[in-house]
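By letter and in written order, the chains are A, B, C and D; residue numbering begins at 1 in each of them.
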Amino acid sequence: MNTPVGVIVGVGEGNGAALARAFAQTGMTMALLARQSGLTEELAATLPGARAYACDVADSASVKETFARLRSELGDPTTVVYNAGSGVWGDVESISLEAFETSWRVNAYGALAVSREVIPAMKAAGSGNIIFIGATASRRGGPKTAAFAPAKAAQRSLAESMARSLWPAGIHVSLIIVDAVVDLPRTRRGMPDKPDSFFLKPDDMAASAVWLAQQPRSAWTFEIEVRPFGEKW
Amino acid sequence: MNTPVGVIVGVGEGNGAALARAFAQTGMTMALLARQSGLTEELAATLPGARAYACDVADSASVKETFARLRSELGDPTTVVYNAGSGVWGDVESISLEAFETSWRVNAYGALAVSREVIPAMKAAGSGNIIFIGATASRRGGPKTAAFAPAKAAQRSLAESMARSLWPAGIHVSLIIVDAVVDLPRTRRGMPDKPDSFFLKPDDMAASAVWLAQQPRSAWTFEIEVRPFGEKW
Amino acid sequence: MNTPVGVIVGVGEGNGAALARAFAQTGMTMALLARQSGLTEELAATLPGARAYACDVADSASVKETFARLRSELGDPTTVVYNAGSGVWGDVESISLEAFETSWRVNAYGALAVSREVIPAMKAAGSGNIIFIGATASRRGGPKTAAFAPAKAAQRSLAESMARSLWPAGIHVSLIIVDAVVDLPRTRRGMPDKPDSFFLKPDDMAASAVWLAQQPRSAWTFEIEVRPFGEKW
Amino acid sequence: MNTPVGVIVGVGEGNGAALARAFAQTGMTMALLARQSGLTEELAATLPGARAYACDVADSASVKETFARLRSELGDPTTVVYNAGSGVWGDVESISLEAFETSWRVNAYGALAVSREVIPAMKAAGSGNIIFIGATASRRGGPKTAAFAPAKAAQRSLAESMARSLWPAGIHVSLIIVDAVVDLPRTRRGMPDKPDSFFLKPDDMAASAVWLAQQPRSAWTFEIEVRPFGEKW
C-alpha cells in the first residue's frame, strides 16, 4: 500500500488502456474501472499490482461502492483520470431526451460522483491529480452534437470550477481536450484512406497526461488540447 | 387563434414578467409557464388573451402535457423564451449530487424538452423564435458555481447546437447572457448600498429579447450579453 | 448644430453606406469618412445635412485634422461607427511584413486614433456610442488570415478594453462581428451559384447597429455577431 | 554545428534566462537575443557554446541581420522561443498612440519578423519548434490594458494562424500563456506580503516549454496556460 495509487475511470482499448500503461510506468498501482470488466481484467494482469473494477459511473451508488472497495484494497488514490465519455451523435430533432440525459450522466454527473470520492483524502494530503479527458465539443455545440456537446460542456465547466476551488489546496485539476480521431484498429478500418498523420496515438496522448500530473505547482496548467500535427483545425 | 402565440417558460416577478409584458405589447397572445401558477394568473389577467400554465420543466411528462394543452387552447407558439433557471451556489465539496442534477434538469434538460415541443410547427411554418436566457456562468466555471455553471454551460451548448441546425429552417435560436443583478425589491433590500447603475432593469433586458425576435434573417445574432453600464466586468 | 452628429468611418458601397443611411434615418447629421471622397460625396448628397470627409485612418495626423474640421463644421459626434477594415489574405509565409502592418494600422491603430478624438466630448456629455465593425477572424487565427486575424483580434481587444473603462462614464462601446459575405453586386457576380440565404444584406446589419446605439443603459450589450440564417457556422 | 540550435528572443533575468538554461540542458546550443547584450553575455558564458546577440525585434532590419549572423555562426535554429513582450499599462484615455504602436511592434510585429527568419529551414527539415510566450491579456481586454492586451491578442492570433498552416509541415507552433506574477527579486520586493504560492517560478514555466518542444507529433498542443497553484483565477 505504499506505492501511489492511480485510477483510470473508463478504460477501453484506446486512450484508457494507454493511460493505464503510462501511469503504471511511473510506478503507480493502477485501478482500472469500466462498466464491464473483461478488458480491464486482461489489462490489469499485465500491470504490476493493478486491479480491475466494474463500475457504472452514471450510477452514484455504483461509484460509491466501487471507490469504497478500491480504497480498502489499494489505498487512497493520488491520481484519477476521468476518461468515461460515450456520446450519441445527432441534431436536436433526432436525439431523444434519454440520450441527452445519458450523455450528461456519463460525462458530467459521473465526473462529479467520482471526484467527490477522492477529494477528501487528496485534500488531507495537500496533493493529488484529477484529470478529465474532454473533447472539442466541450467548447462549441455543433449541429450534430446536440447531446454530446452539452454533456462535454458541463464536464469542462465542472472541471474549471473544481480547478479554481481545489488548486489552492494542492489538488491539480486539469483537462485534456482530445481533438482527434484515435488510432485504433476500428477507426483505421472505418477510414482506410486517411494517412497516419491524421490519427492520434493513444500513447502520445497519455504522455501528456503524465506530464500534467508531474508539473511543478508554481506553474500548473488547467487545460490543454491534443491534436495530430496533420489534422485540419 | 390568429394572433401569434408567445410562451415565456419560467415566469417570476423579474425578467419573466418583463418578457411577458414586452412580447404581449408586440401583439402576441402570451402563455405564462411557472411551477406554481399564483403569480402567472395575476399577470395573465393584465395581458389581453394571456393564460397561465403550471409546468415543471424538470419533468418531461409535465412539459409534454402542458404544451399539448397550450397548443390546443392558443395554437402553435411562434416565439418561446426559456427563462427557467434556478441555481444552487457552492463549490464542488459543498454541493450535493442532487443539487447538481436539479440544476442541470431545470437549465438544460427542460430546455430540450420544451424545444422539442415547439420545433415541429416552427419548422413547418419556416419561422419562429426560441430564445434562451443564460448566464455568464455558462462561459466559465467559478469556484462557487460547481452546480450552476455546468448546467448553464450545457444549456448554452445546446442552444448553439440548435442554432446551427435550425437557423437554415428559418427558426431563430438565440441566447441572452444576463450578466447582472436584476433590479427587484428583494435584491435592492439585500444590497442597499449599490447605486442604480449597478442593477439591470428587467424591462430593458426584455427589450433586447424583443429585438432579437424581430431581427431580419439575413443578419441574425446568436448570442448577446446584457449588463448594466455601471457594472464592473 | 442641434441635431446629433453621427460619423461613419470607412464608407464603401456596402455596410458603410447602409450604416450611413440607417443612422441618418434616426435624425442624425452624418459625417462620412473614406480614403477617397468620390462615393461619400454622392452619398452625402442624398442625406440631409451630411458631409463627406477624406481621411486616411492609418495616418494619425489625417485623423486629427479630419476630426478637428468635422467638429467645427458639425459639432461633437455622439455616435461613431468604425467600419474601416481592409485586409490581405494569406498564410504566414506569403504575407509581407508591410501587409501585416497595414492591416493592423487600418483595423486597430486607426480605431484608437479615431476613438481618442471623440471620447473627451462624449465623456463630458456622459453619453455616446462607439461601435466597431469586426469580423469572425477577430476570434480565431485561420491558416489564411495571418495578417487579417491579428489585426482584427487587436481591434476586438481594444474595443473590449474601451468598453470596460468607458461604460461607467456613459459611453456605450460595442462590437458587431460580421460573419458573412455581404450582398453586393461584386460578391454576387463572384458567387453566382449561392442562394439569397447565403448573403448578409447591409441594411439588415445596419439595423442592428442602430439598435445597439439605442439600447437602454441598464442592459447594454458589448458584442454581437450577425450572420445570414442560411450560413453554415 | 551538429548540436541543435535553440534561440530565446527576449532574454531578461526571469523567464528568458530560465528558458535559456532549460533548453541548454537538453543539449542545444543557445542563441540569446535581447535589446542590450549585457545580461545575455553573462548568461551565455555559463552555457556551453551559447552566444549573445543584440537585437531589436521592433526593427525588421535588426531582426534580419541578427538571424543572418546567427545562422552563419551557429546554424539553422530548430527551436525558437519568442519571449519579447514589454507592455505599457493604462486605459484608452491615458495611453499614447506611440505606446500602443510600440506594444504591438514588440509583441506581434517582431513575432512575425522572427518567425519568417526560421520557417524556411524548419520547413525544409520537416520539423522545428516555435513557441510564443503570451499573456492572459491576449484573451481579454481589461480596462487598464488598452495597449498591452491588443498587442498580445494580435500575437496570439498570429500564433494560431501559424500553427494551423505550419503544423502539417512538421513545425510545432505553440503558445504558453503566463498568468502569474513571476518570482523575481524585484517582484518580491514590490509584493512583500504575498506568499510563495502566489509566484510563478521561471524554471517551472521553462519546464513546460521544454515539454511542449518534445511532444510527440501525433498529439501536439497549441496552447497552454501556466499559473501558480495558489493564484486566484
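Some notes on this structure:
In the analysis below, a contact is a pair of C-beta atoms (placed from the backbone, for glycine too) under 8 Å apart; a residue touches a chain by one contact, two chains touch by 3 or more.
On a predicted model such as this, the values are computed, not experimentally measured, just so you know.
Any chain bridging chain A and chain D, meaning touching each of them, is missing here; the list is empty. Within the contact network of the assembly, the step distance from chain B to chain D comes to 2. Centroids of chain B and chain C (each the mean of its C-alpha atoms) stand 32 Å apart. For this pair, chain A with chain C, the centres built from the Cα atoms lie 45 Å apart.
Touching two or more other chains at once are residues 164 of chain A. Counting only pairs that meet the touch rule, the chains in contact are A-B, A-D, B-C, C-D.
Chain contact summary for the complex, chain A toward chain B: residues 60, 91-93, 97, 100-101, 104, 108-109, 112-113, 115-116, 119, 137-138, 140-146, 149-166.
Chain A meets chain D in the complex at residues 164, 167-168, 170, 172, 180, 183, 197, 199-201, 203-205, 207-208, 211, 215-233.
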